[in-house]
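Here subunit A shows up in two complexes: once beside subunit B, once beside subunit C.
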Partner chain A sequence: MTDIIEMSRIFKIFPPSLVALDDVSVAFSKGEIHAIVGENGAGKSTLMKILYGMQPADSGEILYNGKKVKFSDPGEAIQAGIGMVHQEIMLVPQYTVWENVVLGYEPVKFGIHLDAKKARELVKQKIEEFSFNLNPDAKVEDISVAARQKVEILKLLFRNVSVLIMDEPTSVLTPQEIPQLFGELKRLRDNGHTILFISHHLEEVLELSDRITVLRKGKKVGTIEAVEATKAGLAQMMVGREVIFESIRKDQSAGEVLFETIGLNYTDPDKRPRLKDVNIQVRAGEIVGVAGVEGNGQLEMVNVIMGLIEPSSGSIKAVGEDITRKPILEKRKRVAFVPQDRGNMGASVAANITENVIMTHHRLDKRFTSWAGRILDFKQASSFTDEVRKKFDVQMSSGEAVFKSLSGGNQQKVILGRELLLEAPFILLDQPTRGLDVGSIEYVHQQIIDMRAQMRGILMISADLEELFRLSDRIVVMHKGKVVANLATDNTNVTEVGYLMLEGAAYEA
Partner chain B sequence: MNIITGLINGMITSATPILLAALGGSLTYYAGIFNIAMEGMMLSGAFFGMLGSYYFHSWPMGILFAILGAILMALIFILFAVVLKMDEFITGIGLNLFSVGVTTYMLRQIFKVKGAFASPEIVPIPKIDIPWIKDIPVVGEIISGQNLIVYIALLATIVVSYLVFKTRFGLRLRAAGYNRTSLDTSGVSANRIRVWSLILCGVLCGLAGSFLSLGYVTLFSEGMSAGRGWISLAAVILVSGNPTGIALISLLFGFTDGLGLFMQRSLPSQFTSMVPYVATLVALFVYSVRLKKKQKI
Partner chain C sequence: MKRKVLVNVVGVLLALLLGALVMLVQGYNPLETYYRLFEYSLAPGKIAYTLSKSVPLVLTGMSASVAFASGPINLGQPGQLLMGALFATIGGLYINLPPLLMVPLLLILAMLGGALWSGVAALLKYWFNMSEFITTLMLNMIADFFTYWAINYPFFEKNANHPQTPLIAQSGWMPEWSNFNSSVIVMVLAFGVIWFIVNRSTAGYEWRLSGQNSLFSRLGGVNTSKNYIVVMLLTGALAGLAGGLVIMAGPHRFIKGIGGNYAWDGVMIAMVANTGIILTLVFGFFFSVLQTGSLGMELITAVPRELIQVLQAVIVLIVVAGRGYFETFFAKVEARRKMRERTA
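Up next, the complex of A and B:
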C-alpha cells in the first residue's frame, strides 16, 4: 500500500513547558483504517489537529500524496481532501440535514440565489451513494446523535474528502449504534477512503482498524498491525504497565442499608412511564451496579434521586432518612454524586478549577467561609484544591486555570475528588469512566474500590459491562423502567446480564 | 376621511425610519450579534445626510453621505466588537453616546448653531407621485405621493426577507447566529459574515437617518433620532428578527406615534409623545410573558 500521508518529526510545545508531541513520525496508507490510541493527554488530538490545520506544529513536516503541505486552517485541509469529524458535533441544529451538508459549499443560481432544489438533490444522491439512511429534510435537532454524526461524515464526503479523521466517534453513541457506524466506516474504506480513528476503547480499535499507532506522553510507542495486537498488549503499550482486567474486589461483608428507593415511579410530561416501581437497596461497603441499555430509565432514576425531577410516587431513603423532597443541600450531606455529563452537570466549565473543587464544600464545610458563610476563604480553597490534586493525581497547571482547559480524564478526577471528599456515606456514580483512557479508568476504579473498603455505599450506573463485573458486588438490570433482575455478581455472567438487558427477562434454560 | 388618511400617512411616515433601522438590526440579529447601535448609526446618518445635501445641493448626495456616515459607525462597531472582540453591548452603548457627541460637536463647529440647523440650501428627498394611482381617491393619497425613502423601505423589506431566507448569504448569515463554530468549520469565516451584516445594517440605518433629516423634516437637530433606534431594537427582538414581522411591528409603532400626535388635541404633548415608548414597553412585556408560557410547556 502507498502512503497517502506522512508526518515526520513533529514537535509541538504548549508554553511554558508542556511537550505535547515529541518527535512523532507516522505514516498513513491509502485505504486503511488507522487507529491512533493513547491515554488522555498522549497527544492524539494534537497530532490530528496539526494535520488538519487547526494548530501549527513547532517543527516537522507533512507529506500529502508525496507533496509537502502545511494547512493554515481547516478550510484548506478540506480543499485538499482531508476532513475531520470532531468529538462534539458541530452542526446547526435549526437547519435541515441537507442545509447542514451544503453549508459553505452551496450550489447557487445567479451568483447569490441558493439553489435549494439542486442542493437537496445532490445531498440525496450522496446519501444514497453511501447508503446512509438519512432523511435530507429532517431537522438536525430532531434526529439522534448517531444520525448527526452521519451528517457530519456526509458533510465531508460532500466536499469529496478522501481522508477522514474521526475524533473518538463512539463516545457519543449508544452501544447499539456503534456497529452501524463501524459498518459505514468499513464501507468507506473499501471505497478507497482513508480513515484515521482516535479512540480510547481498545475493543473497538481491535475490531475496526487495520493498523494501530500508539502514543504515550507525546511520544510514539509504535505502529502495529491490528491482527497482531491484543488488548492487554495494547493497554500495556499505552500506559507502559500491566492493566488488570479481572475483578478487583476483596471479600468484605456488607453493613446496614444506607440507601434505598421504595416503589419509585415516574411518568414524563408526555405521559410515558419512565420508572416503574423501582426498588433498589445499597448497603454500606457494597457496590451495586446498574446495568441496562441506555434509555431504560437509568437517567430518570438519577435525576429523581438528585431531585432534578419529582417522582410520581415512591420515596428515597438515605442514611435512614427520607430525602425524596429534601432541598439539595440536605441531599448532598448524604449523597455524593458524579454525573455522566461532566460539562453541564458535573462542573461549571467556565469557572476555574478551584471554584469547581470547592462547590458544595463551600456550603457544607465551615472552614471555607467566614462572616456566616458570606465571605469565601480562598487560601483554604486553594489548599483544598492542592489536596485534591495530590490525592487524585490531577495533571493541571494551577487552580486558577479554567476547568475546561483540563483534559477529560483530569476533569473527571477533579469531580470525583470533590465528591469523594464530601464524606457523604452514599455515593451515586453515573457512567464514572465514560470517555476516559485506560490509565484513568484504572485509577477511578481503584478509588471506587477504596470507597467500598471505607464502608461507603455505592450505586454505579454504567454502560460498560466489564466495569460492572469488575467492581460490583451485585448487579441490578433495568429494562423499560423496571428492575428486572438483582443478581450477585459472582453467581452470574455477562451472557445472562446481556440477555436480561435486551429482553427484560431471564432466558429459559 | 381626511382624518383617516392623515392618520395612515402619519403612521407610514413614523414607521419608515424604524422599519429601515430594524431591518438592519434583523441582519445583525440573524448573524448572532447583540447590536444596539442602530440609534447611533441612524443619528450619524441623519447628520451626514444633511451635510451632504447642504454642501452639494443635491439629495442623492445627501443619501450617499447618510449611508457613509452610518457605515462609519458600523466600522467602529466592527473594529471593537468583531476585530478586538470587545463586549457587543458595551461597544453599542459607547457608539450611541459617541454618535450624539460627535454630531452635536460638528453641528456647533461647522454651522455655529446650537440645537438645530435648518437652511434653504438643504435639498430634501422628493416625494414620488405615481401616475394613474395618484388619481384614485383615498387609496391614491396613501399609495402615491410618499417620500422616496418610504418606497425604498418597502423594497428593503422584500430584499432583506429574500436575502435572509433564499440566498447563500442568508444561509450562512443564520448559521453564524445559530452556531458559529459550525460555520467556521464549514470553511466560511463567521466573522466575515458578521462584518457584512454590520455594513448592511449601516446602509439601512443610513437610509433611516436620511429620512429623518431630509424627508420627515428638512433640518438636523441634536439627538434627532430620539430613541427610534431603540424602538427598532425592540421590534427586532419582539419578532426574533423576522423581516415581515418587523414591518408589521414598525407600522404598529408608527400608528401609536400618529395616535400620539392626534391626541395632542386633548392632552399635553409631553404625555402624547410618550405613547410610542409606552407601546414598546407593553409589547416587550407581552412578548416576555408569552415566551415564559412557551418555555413552561
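Up next, the complex of A and C:
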C-alpha cells in the first residue's frame, strides 16, 4: 500500500506549558481505516486538526500524495481532498438533507442561481452510490442523530474528498446505530477512501480499523496492525500500565431509601413536557444508573433536583425530608453533586483551586469561617485543598494555581473531592467520567465504589453503557422524559438497555 | 505577581513613549513636557493636592471594580455620584452639628444617595429582570437632569447668576491642612474596608466566584440574588461617597457640572486595573497625577491639556490589550523553553 499522507516530526505547543504534540511522525496508507487512539489530552484531535488546517503546527511537515502541503484553513484541506467530521454536528436543522449537502457547493444555473433540481438529483445519486439509506427531502431537524452524521459524511463525499477524518463519531450514537456506521465506513474504505478515526473506545477501534496508532501525552507510542492488537494491550499502550475492565461491584445489601423523586413532572416554558411522572428511589449503599439517549429528560431531572428549575408537580425527598422547594444551600446538606459540565456548573475556571475546593463547604462547615460565618479562614481553606490533593491524588502545583491550569482528569478529581468530602448521604453524579481518559475513569470509578461501600446512596446519569453496567446495582432507562424501565443490572444486558433507550419499550425477542 | 506588575509598568511606559512621539510630531519637546507634568503633580508641595484630586477617581474606580468583579455591570457611577453629592449638599444646607458628627453624617447621607440610586436599578432587575447595564446608564441621565432641576429650583441660591446651591454649613467641610485635604483619609479608610471585604470576607469570596461563574456559585449554595443587591448597593454607596466628598472637600456647594468626568474616568480606571482593588488605587492616583500635572504642563510648556486625555486613552488601550498579549507571550516562551529542555 502506498502512503497517501505522511506527517513527520510534528510539534505543537499550547501555552502556558502544554506540549500537545511532541515529535510525532505518522503515515497513513491509501484505502485503510486508521484509528488514532489515546487518552484525553494525548493529542489525537490536535494532530488531526493540524492535518485539516484548523491549527498550525509549530514545526514539522506534511506530505500529501508525495507533495509537501500546509493548509491554512479547512477549506483548502477539503479542496485538496481531506475532510473532517466533527463531534458536534454542524448542519442547518430547518434545511432538508440535500440542501445541507450542497450548501456552499451548489450547482448553479446560468452562473447565478441555485439549480435545485440538479442539486437534488446529484445528492440522490451520491446517496445511492454509497447506499446510505437517507431521504434527500427529509428535514434535518426531523432525522436521527445517526442520520445527521451520515449527512455530514455525505457533505464531504459530495466535495469529492478521499481522506475522511472522523472525530469520535460513535460518541453521539446509540449501541444499535454503531454497526451501521461501521458498515458504511468499511464500504467507503473498499471504495478507495482513506478513513482516519479518532476514538478512545478500544472495542470499536479493534472492530473497525486496519491499523492503529497510539498516542500518549503528545508522543507516539507506536503503530500496530489491528489484527495483532488486543484490548488489554492497547489499553496498556495508552496509559502505560495495565487496566482492569470487568465489573468491580462487591455484593452488598442496600439499606433504607435515602432519596426518591415522587411523581416528578416538569413542563418547560414552551409548554413542552420534559419530565413525566418520574419516580426513582435510591437506597443507602446502592448505585442506581440512569441510562438514556441525551435529551430525554436527564438534564431537566438534574436541574429540578438541584433546584435550578421548579418542577410543575411532584416532590423530591432526601434523607427523609422533602427538599423540593428548599433553597439550594439547604439541599446541599443532603445532596452532593458532580455535574457533567466541569467548566460551567462544576467550577469557576478563572478562580484558583482552593477557591473552587471550599465552595459549599464554606457555608456548611464552621471551621472555614469565623465571626459568625463572615470572615473566611484561608489557612483552613488551603489545608483543606491539601487534604483533597492527597486523598484524591490530584496532580497540581499549588492551591493558588488557577483551576483551568489543571488537566481534565485532575479538574474532575478536585470536583469529586469537594463533593464527596461534603459527606452528604446522597450523591448525584451526572456523567462523572465524560471526557476523561482511561486512567482517570478507573480512578473515579473506584471512588464511586468506595462511596457505595460507605453506604451512601448514588444516582448516576451516564451516556456510557459500559460505565453503567460496570458500576450500577440497578439501571433505570429514561425515554422522552419518562422512566420506561427499572432493571437489576445482573438481569439485563447492553442490547436490552440500548433498545429501551431508543424505542422506550422492551423489544420482543 | 511580578509579571502582573511588569505588564502594567511596560504598558504605561509604552503609552508614555507613544505620547512622546505625538509631541515630537507636533514639534514639542517631550522630555521637557513630561518633566513639567510630573513636577507639577509630584513635587513635595503639590503631591498633597494630587492626592486629594485622586479621591473621586479612586472611589468611583473601586465602585466599578467591585461591581464588575462581582458580576453586576453597574455603569451608573456618574448618576450615583451626583445623587450622593446632592444628598450631602441637602444635609449640609439644613443640618448643623459639631464637625465630629456633621462630617460622618454627611458622608453617610452621600452613601445613602448613591445606594438609593443604584438600588433603583437593582430593584428593576429584581422585579422586572431589566439588565442593570441599561438601567444604570439611563438612570445617569435622570440623575443628571434631576440634580440640575434641584439646584435650579428648590435649592437654588438666590441672586446667583449660575445654577448652584448656597454653601453648606461650615461644620460639614472636610478639614484641610495646607494642601492636604482630609478626604484622602476617608478614601484610604474606604480602600481598607473594601480590600478587606473583597479579599478576606465570605461575602467577598462569594461575590468574586459569582462574578466569574454565577451558575456554579448558585449550585454551590450561594444566594446570588441577595449578593447582587448587596453589591449594587455597596458600589452605589461608593460612588455616592465620591460625590459627597467632591462637595465637602471642594466648592462646598453643588454647582452645575460638579460631577465632571470623575465617574467615567473611574470606570476606565477599573478596566485598566482589571478590577483589582490595589491596582485601582494605583491607577486612580496615577490618573490624578496626569490630570493635575496637565495643568502645569499647559501653563509652562505650550502643550495643550487635551494631550493628557489622549495619553489616558492610550494607557487604557495598551494595558488592557497588552495584558492578554503578554500573558500568551510569556506562556509561549516558557512552553518553548520546557520543550527544548525535554528534547535536548
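Just so we're on the same page, the second predicted complex is superposed on the first by the 286 of 509 C-alpha atoms of A that agree within 3 Å, B and C clash if a C-alpha of one lies under 4 Å from a C-alpha of the other, contacts with A are read in each partner's own complex, and residues count from 1 in each chain.
Operating definition for what follows: a contact is a pair of C-beta atoms (placed from the backbone, for glycine too) under 8 Å apart; a residue touches a chain by one contact, two chains touch by 3 or more.
Quick caveat: nothing in here was measured; it's all calculated off a predicted structure.
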{"item": "First (subunit B), second (subunit C), both or neither touched by A:104", "value": "first"}
{"item": "Which of subunit B and subunit C A:374 touches, first, second, both or neither", "value": "second"}
{"item": "Partner chain in contact with A:145 - subunit B first, subunit C second, else both or neither", "value": "neither"}
{"item": "Subunit B versus subunit C as contact partner of A:505, first or second or both or neither", "value": "neither"}
{"item": "Partner contacting more residues of subunit A (subunit B vs subunit C)", "value": "C"}
{"item": "Partner chain(s) touched by A:347 [first = subunit B, second = subunit C, both, neither]", "value": "second"}
{"item": "Partner chain(s) touched by A:401 [first = subunit B, second = subunit C, both, neither]", "value": "neither"}
{"item": "Which superposed partner A:453 touches (first subunit B, second subunit C, both, neither)", "value": "neither"}
{"item": "Where subunit A meets both subunit C and subunit B, residue numbers", "value": "none"}
{"item": "Complex contacts: residues of subunit A adjacent to subunit C", "value": "11, 13-19, 22-23, 306, 308, 327-329, 332, 337, 339, 344-351, 355, 359-360, 362-364, 369, 373-376, 378"}
{"item": "Contact footprint of subunit B on subunit A as seen in their complex", "value": "74-75, 78-79, 86, 90-95, 99-100, 102-106, 108, 112-114, 155"}
{"item": "Subunit B residues within the subunit A interface of the complex", "value": "166-172, 174-175, 178-179, 181-183, 185-188"}
{"item": "Of subunit C, residues touching subunit A in the complex", "value": "200-203, 205-206, 208-209, 212-213, 215-223, 328, 330-332, 334-336, 338-339, 342-343"}
